[in-house]
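Across the two complexes that follow, subunit A remains constant while its partner is subunit B and subsequently subunit C.
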Partner chain A sequence: MTNETSKVIPIQPVSYSRSRQAGESQDVLDHIIDDFQDNPESMQYFYDLFRSVYCHGDEIKHEGMLVGTTCIQAPEELIYAFGATPMRLCNGSYHYDQKGAEFMPSKSCSLVKATLGMLNSDNVIPKIGKPDMIVNPTTCDQKKKSSSMMGDMGYKVYDLEFPNVKESEASRQYWQRSVRQFATELRQLTGRKLTKKGLQAAFNKTGRAQAAFRKLHSYRLLSPSIILGKDIFLVTNAYFFDDITRWTEKVEALNVELEARKQAGFKAVQSKAPRVLFTGSPPIFPNLKLPLLIEEAGGVVVADESCSANRMLYDMTAVDEWMVNDMVDSLADKYLKPCTCPIFTKNEDRKRRLLDLVKSFDADGVVYQAFSGCQVYEMEYRSVAEAFNQAGIPMLYVETDYSPDDKGQLSTRIEAFLESMKNRKKQKQRALG
Partner chain B sequence: MTNLEHIRTAVNNVQFNRFRFWLQIFFFALLVYGGYLGIELGKHLPTFACGYNKELRGGMCFLMPLQHWMEWPWEKLFSAAALTILYGFAIFFLWFIALNRGWCGFACPVGTIQDWITSLRRWTGIRYSRYSEGQYKGLGIIKWVLLALMFLIPLGIGGGWFTHDLKSPFCMICPGRTVVPLFGLDVSQWSIDFSSRTNMIMTSLGLLVTGLFFIGAFVKKRFFCFYCPMGALHYLFSKAALLRLNKEGAKCTRCGDCYRVCDLQIKEIADDIQNKNIMTDDCIMCLKCVAACPEPGALKATFAGIPIFEATEAGFIKRMNKGRTDDK
Partner chain C sequence: MNYFAGIDVGSTAIKVAVVNETGDIAGVHVTASGSLFHKNSLEALNMLLSNLGLKRTDIRYLIATGYGRKLFKEADDSISEITANAIGAFEAGKAFGGVRTIINIGGQDSKAIQIDDTGNVVNFAMNDKCAAGTGRFLDVAARNLDLDLEELGEYHFKSEVAPLNINSTCTVFAESEIIGLLANGHGKAEIIAGIHYSIASRTVRLAKRVGIEDRVYFDGGPALNKGLVAALQDELGRELVIPEHPQTTTAFGAAILARNEFEAEQSLVPA
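Showing the complex of A and B:
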C-alpha cells in the first residue's frame, strides 16, 4: 500500500523474526522453556524446532506433493501412500486469528479464524509452501463453511464428506465410501496408484509414530508426574508439520529418557500437585495459554482429550486382511468409530472416555476449554459437567479464545480451582488416614 | 515379575492368528484322522467331527446320534429308554461347557476348512464380502429354523408322519457329510441317491449346499457358521460354559477394531458396553476380537472366571505391526 507517508519515509520491510507475530511465539516458547526447571534433554529438539519454524520463519521441507488437512479426520496414511505429505493447517496464532476475523462472524472459533487468516496471508507461518490440495473434512459448521473461503483464496479444496452420526452402520458405510473417494481424488492429484506396498509403508510410518506416542502417554500414568503437559502438547503439536519419521525417532528418544527418569524415581512436580485432565478445544502452539497457566500455578496436565494431542494419535487401526481394500476400510473405521469429537449427535463415548481417563490417570480434576464461538464444545458442556458431577469429579469450564487479554482473570480462576483440588486431596487423605 | 505374570504377558503378546492356525490343524488332525491312532472320543462331540468320515474319525458329531434318537417311535422316546438320550446329552454338555463355542472357532473341521478357503481367497487378492444390515438380520434366523427342523422332522418320522428316508435330515444337507470324508479320499457321499424320491431330493439338496458352501466360503468369511444349527444349539447352553468372552464396557473406546476383524460381522462386540458376557448367537469364539483390541483388559477370554487371554496394548502393537521400522 502506498500512501502519502510512505512516500516521504520509506517503510523498510521488517524481517519475520522481528515481527510481532514471531514475538508472540517467542514469548510462549521462552515461557515454556525458561519458566520451568528440569526440562527433559530430549525436549531440546522440539524447542529448537518450534524456534526455527515459528520464531525464525524457517522453511519446512517435505517430500512429494503437499496436502494440507484442516482436521484430524483426514486419513493421513492415504496421503503418505500416494507419496505426498500431509500437513495439518489448524493454527494457534493470535496474529492470524485477528487477520482471519474478516471471514467469520465476530463470535466464531479462534482456531478456524486463525487457519483462514494464515492461509490468506502472504507469508504463511509455518512456512510450508502452497499446498497442492487442502482436504477439508465436513465436520463442524465453521470448518464446513471455510471450504469455499479457502477455495476463493485460490486453494484447491477437497471436501471430505464426514457423517454427523457415528453409531449407525449406514454412516459407517457412507464414510468408507467417502474415504475411497478421497483415494481416487489423491490418485488424480498425484498421478500415482494406490499400491499395497505403498499403503503398508504408510501404515508402518503412522503405526510406529502411534506406538511411540502410546508409550509416551503411558509415562504420564506415573504419579508424581515425570513430564509436564506443556511439553507433551509441544510434542504432539510438532506432529502437525514435522517429518513423521524424524518426529517418531525424537519421541522414542524422549521415551528412553523418561524410562531413565522413571527408574531414578524422578519427580517433575511436587507429590501434592493436583493432576489435571484437559479436555475440549485443542491447544495449538502458540496458544498453549491454558495448559501453561495450569502448570505455572502448580498443577500438572496428566492427560488430555483434545484433537491436538491424544485424540490425534491414540486410536490405532486394526487390519484383518492386509490388502488394499481392507486396509482402506480399516482406516475409515479408525477415523470415525473411536472419534469423540463433539460434532456428532451423541456424546456418550466422549463422556465415557473422559471418565476412564480420570480414573486411569488418577486425575484430581478436569479443565474444559471451549473456544468462544465453538458451539459444539459449548453445547456439550452441560452434559459433560453433569457426568463429572455425578462421578464427584470437579471440573472447571473455561470459555476463552486466542487473545492474551483474559490471562490475568484466568490465572486467578485456575489458581482457585487448583487450590480447591488440593484441599479435596488433603481431606480425602485425612479421611483415609 | 513373578513366573505367572511372565506367562500371562507371553500369552497376551502371542501372534494369535498363527497360534490359532496351528491349534486348528491339531484339532483337525485329531478329529478327522484320530482313528488312525486309535483315538475315539465318543459320539457326543459338540462339533462337526463328521460320522460319515468312517474309520478315520477320532470322534463323532453329536447331531448324528441326536437325530437318530429323535427318530425313535414315540412309545420308545417317552419311555425309560429315553435315559440313553439324557445320558448322551449329559456327555455332550460336559464336552461343550469346557470350550463353549471355542469348539466352533478352534476345533470344528468344517470351520477350519472354511478358514483355509479364506486363506486361498486372500492369496488370490480377492476381497471378502459382507452382508448388509438387513440381510444380516434376516438370514440370521436360518440357523434357528434349521435347529427346529432338525428336531421336528425326526420327531415326525417317529410319529409316523414322514417317511424313513427323511432320516438324519440335517446330516443330508450338511456340508460336513460331503467335505470332511474327502480328507480320507472318500467321495462316496458325492452322489445322488435315486432309490426314492425323498432320497433323491435330499442328496441333491446336499450337493447343492456343498456347492454353496464352497462358493460362500470363498467370498464370505466363515460363511456356513452363520447358518449352523450346531452353533444355535451351543448358544442355548453357552451361559453355563467355562470358557467365556467378557467385555469391560468402561474400558472400551468403541473404536470398532474388534468388529473390523470379526468373521461373523457381529456389531455388538464393538457397540455393546453394558453386557459383560458379550457372546451373541453368531459368535464362534475365535477370539480374533480379543487379539485385535488395543484397550488393555477391555476384552478377555476367561476360563472358569480366570482370565486366560486378554487384550493388551503391547500385544496389539505387536500383532498389528505398529512398532515396525521401515527398512528402505
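Showing the complex of A and C:
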C-alpha cells in the first residue's frame, strides 16, 4: 500500500574508501605512519601498499590459479611449484570479526571469525578474487571446523591433514603422506605435473624471500634498535598477499637502508627503551593494537614468536637429495619439525625458542597475546610463564580480541609493565656498578 | 621547605597527596571526578594547596597518575597507576612491617600487584574489560537497595543468615539478579553480604593469579567498606593491612616518586 507520504528509500551505495571498514584500516595506518618519527624511507612502499589494498580496496593481481591458505602450515612452495599463487587468508579486521560473529559462536577466536566473516562477505578485502581452492590445514579446532563452513559458502576446500603430536615418527610419516596427497590434489586442480625444476624454482623463490627476512631480522639484534616492530609486522603482513618477488626486492631495499643506519649509528628509540619479545596469537593488520600500544608507551618490539611474522619466514627447507619425492618430504619436515604452534600436545620447542630469542635479542621482557577463545594459546600460557619465571624473565599476559574497547586498560597495563622492566634494569645496573 | 605532589585522576574520584622533603604526608584530598577531568583535577589540587597554606610554587615536582594522567599537562611527569600504587603501598606498608601483595579495588577496575622487598613491581593482574567486582558494582547495588554507598558496610554485619549467592559477574546482570532477590522477599543485609562475598571471591581469584605473599595491603575507595574488608579477609584467609587513607595510596605513591625524581635531578646538577 503506498501513498504520497510513504515510500521505499533505496539503498545509497557507499564507496569502499568511505566505508567504516576502510576507516578502520585508515586509522591504524595513519597511526603507524604519523605518530612515530624517523620511519625508514623504504617503508613507504609498504605504507602505500596497505593504503591501496586496505583503504582504497584496490585489486591484487596474481599469476596462475589462486590457492587461499588459512594457516602457515600449508606448504606454499608446493603451490608455487604448480604455477599457482598462494594467498594467506588469515584476517585482522574488527569489521569482519563482527561479520563472522553473525554466524559463528560468540566465544570463538577473532582471527577465525574475521577470516570467515571476510570470506562470507560480498566485498572481500584484500580484493584477491575468488580462490580456485582453499587449503585448510587441520591444526586448531576452530580452523578444522571452519572447513565445512567455507564449503557451505561455495568455496572448494581441501583439508590438509596435520598431526597433533610432533615428536613421534608416526606423525612425521603421516604428515609426509599428507603433503604428498596435497601435491596430488594440486596436480588435479592445475592440470600440471610436479617437476624437480618447478619445485627447485619454488624453493629458490621462497628461499630468497626468507634470506631477505633473516637479514632484516638480524638488524633487530642491535641495541638501541634501528627499526620499530610496528614496521616489521607490516612487512611480514604484506607477505600474506603481495607478489613474492616484488616483496623480496622491497625487503632487500629496506635492508640496504638499515645497513646504512647501522653504519651511521642511528637510533630509532631511546637507549633505555625496554626491549620486548612478542609471542602468542598473531598480530595481523589492521589489528596491530598490542604492538602499537607497546611502542607508543616507549617500548620496542625487538623479536616475535608468532605465525604472522617470525614463524612464517624464519625456517628454511633442508634438502638432502634433489629428487622430487625427497624434496617433498624435506619440505614436509620443514613444516613440522620447527613448528612451535600450541596445537601440539607438548611444546618444549616453543619454550626453548622463546628463551633463546630473549637471550639473543637481549629482550628485557615478554608480552604474550592470547586471543579470547583461542584455547591452545590460553592453556599454554601456564607452562610458558613457568619457564620464564624460572629464568627470571618478566612476562605480561594479555587476553584480548580485535575490539578496540580495551585499549585504555591495556595501555595502563603495558605502561606499568614497561616501568617495572626499567626499574629492574636500573637495579641490576646499580648492583653491578 | 620543598613539597611534592601526586595526583591520581581516577575514573570515579580524583585524589591528591602532598608530601614534604622527608616523604611524610602533608595532606590529602579526594573529590569526585565528574565529567570535566581536567578542570576538576586542577580544582582538587588548588583546594589541597589552600588547605595546607601552600602556593603552587612550593610544589617542586608533580606527578600525575590514573586514567586521566595524560590529560593533566600541569604535571612534570606521569606514571601508570600500577607503579604508583606499588610505591605508595610499599612506603605506607613499612609502618605495618612491610607488605608484598597489594589488592586495589577502584572505580572501574581491580588489580593485584606483587612487589619485591625493595618495592618494585614483580607481577600484576588486572580485571579484563568489564566492571565486575569493582567499586562501580557496589555503586549500582547501593542504588538498587535504596542505600548510600557508605551504609553498605554496616548492613553487612546485620545479616542473620548466610550471605546469598550473587552469581552474575556482569554488573548489569547483577542488577537484575538483586531485583529478583528483593522480589523474592530477601532482606537487604543478606543481599549486601552476598555482594561483598561475590566481589571478594573474584578479587581473591585475581590475586591468586599473581601469587599471594606475606601481608596483603588493601586499598582503593572500597577498602573503606568494612563489610567488604571482612568478606575479603574471610575469602583470603589472611590478615589485611588497611591504611589510614586507602583512597589516596596511589596519589601518595606518585608524590613519593615526585620527591625521588626531584632529588635525582638535583643530584645531577654539579655543585
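The rule we apply is simple: the second predicted complex is superposed on the first by the 423 of 433 C-alpha atoms of A that agree within 3 Å, B and C clash if a C-alpha of one lies under 4 Å from a C-alpha of the other, contacts with A are read in each partner's own complex, and residues count from 1 in each chain.
Here, contacts are C-beta pairs under 8 Å (C-beta built on N, C-alpha and C of every residue); 3 or more make two chains touch, one makes a residue touch a chain.
Everything numeric in this text was worked out from a predicted model, so none of it was measured.
Student: May I ask you to decide whether A:409 touches subunit B, subunit C, both, or neither, giving the answer as first, second, both or neither?
Tutor: The answer is second: A:409 touches subunit C but not subunit B.
Student: So in the superposed three-chain picture, is A:33 touching just subunit B, just subunit C, both, or none of them (first/second/both/neither)?
Tutor: neither
Student: Would you check which partner chain A:208 touches, where first means subunit B only, second means subunit C only, and both and neither mean what they say?
Tutor: After superposing on A, A:208 lies in contact with subunit B but is clear of subunit C.
Student: If you stack the two complexes on chain A, which partner ends up touching A:101: first (subunit B), second (subunit C), both, or neither?
Tutor: Once the two structures are laid over each other on A, A:101 reaches no partner at all.
Student: In the overlay, answer first, second, both or neither for which of subunit B and subunit C A:355 touches.
Tutor: The answer is first: A:355 touches subunit B but not subunit C.
Student: A:244 contacts which: subunit B (first), subunit C (second), both, neither?
Tutor: In the superposition, A:244 contacts neither subunit B nor subunit C.
Student: Taking the superposition as given, does A:153 touch the first partner, subunit B, the second, subunit C, both, or neither?
Tutor: After superposing on A, A:153 lies clear of both subunit B and subunit C.
Student: Quick one: subunit B or subunit C, who's touching more of subunit A?
Tutor: The partner making contact with more of subunit A's residues is B.
Student: Under the stated contact criterion, what part of subunit A meets subunit C in this complex?
Tutor: 394, 399, 405-406, 408-409, 412-413, 415-416, 419-420, 423-424, 427
Student: With touch defined as at the start, can you tell me which subunit B residues reach subunit A in the complex?
Tutor: Those residues of subunit B that touch subunit A are 122, 125, 127-128, 133, 249-261, 267, 270-271, 273, 288, 292, 294, 313, 316-317, 320-326.
Student: So in the complex, which bits of subunit A are touching subunit B?
Tutor: 167, 169-170, 172, 201, 203-205, 207-208, 210-211, 214, 218, 245, 315-321, 323, 325-326, 329-330, 333-334, 336-338, 349, 352-353, 355-356, 359
Student: Along subunit C, where are the residues that touch subunit A in the complex?
Tutor: 67, 79-83, 109, 118, 120-124, 126, 128-129
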